[in-house]
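Structures for review follow.
One chain, chain A, appears in both complexes that follow, with chain B as partner in the first and chain C in the second.
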Partner chain A sequence: MEKYKKILKKRIIFLTIFVVFAVLLQIFIFYNGYEVADIESFRDELVGFQTGLLCSMIILFVFQIVRYIRAMKNDTQLKKLYNCENDERRKDIKQKSGGNVLLFSSVVIIFAGIISGYFNEVVSYTLIACAFFQLNLCALLKLYYSKKY
Partner chain B sequence: MNKKLRILVLICYAVGQLTLSLSSMFRDNLSDFAMGFCEGVSVVFIFIGLIYFGWCIYNKKNPFGIEKGVK
Partner chain C sequence: MKTKIKELRKQYKLSQEELALAVGTTRQTITSIECGKYTSSLVLAYKIAKYFNLSIEEVFDFSEVEEI
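This part shows the complex of A and B:
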């Protein structure tokens, strides 16, 4: 179980880095966003959209961090989480449906979409749509393989 | 999926829909920034809800029915 605790700690650090990056990006939007941008293509609505997206992502990441911290403090919860994650069937399904790679790449694409919003609106929306499509695909594959196995 | 998580996802979805509909209703009174913010937040929350609904349809479960005895 100590090994699993270390894995959880790593995940918490990873998520914290994402949260810090998102917060820094948010601060950047408020203070320097307009200077970087090509003014004509930079609309207030897009800034709001980026801020909303970032805020909701921060909320989701913080929720996950809290979940891991609570599990680390409570042995029964930790065991439950461990059993859930190390179930062979679940592992197989996760592997077949892209697993963590697809999730990670989607998050990176969303961040890229938010940053590219300062330069081109179309690219920003396209990247964000692409990330949502990837997440959808991951969910659909998970459903498919959970029925198959 | 356990009961707590299901309730949380449903709340997420409801908040997303509510934010989107209210922001559309008061479109004229909101600034562009606020409008975009509401859309950004609601997109993420509705997306989470839609994945949950997909899961429910696939497993032939009622998304709004929380079974007894499931913690």
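This part shows the complex of A and C:
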């Protein structure tokens, strides 16, 4: 379990760095993003989308950090978390629903969507819609296989 | 696959959560194995059998597999 504790510590550090960076970016967008929105090619919706995405990621990561810290303080919780992450049934379900591949490609597509938003609105919305479709598909498959096994 | 896990748990007065924690899995996996929805790996089957001081054949019913 000591090895796993070290892994959790690394994860906490990584997530904290990301949260700090995201909060700083959020502050920057709040003060500067809407000024740029005056330019014709830049739309308010895009700033809104970025703000929403960042906020949800910050909330999600803070929740995860709290979860890890709580688990590290309690050995039973730590073992439960370890078992949960290394459970063979969960791994099977994840593999069958294409968890890792779909999640990774969706994240890449979302980032591509955000960047393309600065150049072409239609391409941006198409990419984001595509990513959300993939994520929904992944969730549905996960639900299906969770019921099946 | 049929198993005797439920009976053994009752005999030892164990909850699914306690057994799951002892053998390094989740409560949901134990539920699925007990219901016959999920066939556990050899490693997990060994861990469960060892926990009850029994052999794998005594805990898991392989008659369906043998028929095939």
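Here is the rule we go by: the second predicted complex is superposed on the first by the 115 of 149 C-alpha atoms of A that agree within 3 Å, B and C clash if a C-alpha of one lies under 4 Å from a C-alpha of the other, contacts with A are read in each partner's own complex, and residues count from 1 in each chain.
One rule holds for everything that comes next: a residue touches a chain if its C-beta (ideal position, glycine included) is under 8 Å from a C-beta of that chain, and two chains touch if they have at least 3 such contacts.
Please read all numbers here as calculations on a predicted model, not as lab measurements.
By the document's definition of touching, neither partner reaches A:Thr16: not chain B, not chain C. Touch criterion not met for A:Thr126: it reaches neither chain B nor chain C.
The partner that reaches more residues of chain A, of the two candidates chain B and chain C, is B.
Applying the stated contact rule after C-alpha superposition, one finds that A:Asn100 touches neither chain B nor chain C. When the two complexes are overlaid on their common chain A, residue A:Lys79 makes contact with chain C while staying clear of chain B. Of the two partner chains placed by the overlay, only chain B lies in contact with A:Thr51; chain C stays clear of it. In the superposition on chain A, A:Tyr149 contacts chain C only, with no contact to chain B.
Once chain A of one complex is fitted onto chain A of the other, the partner contacts of A:Arg90 are limited to chain C, with no touch recorded for chain B.
Put simply, chain A uses no single residue to touch chain B in one complex and chain C in the other.
Residues 20-21, 24-26, 28-29, 32, 37-38, 40-41, 43-44 of chain C are the ones touching chain A in the complex. Touching chain A in their complex are the following residues of chain B: 31-45, 47, 51, 54-55, 58. Those residues of chain A whose C-beta lies close enough to touch chain C in the complex are 76, 79-80, 82-84, 86-90, 148-149. Within the complex formed with chain B, the chain A residues making contact are 43-57, 60, 132, 135-136, 139-140, 143, 146-147.
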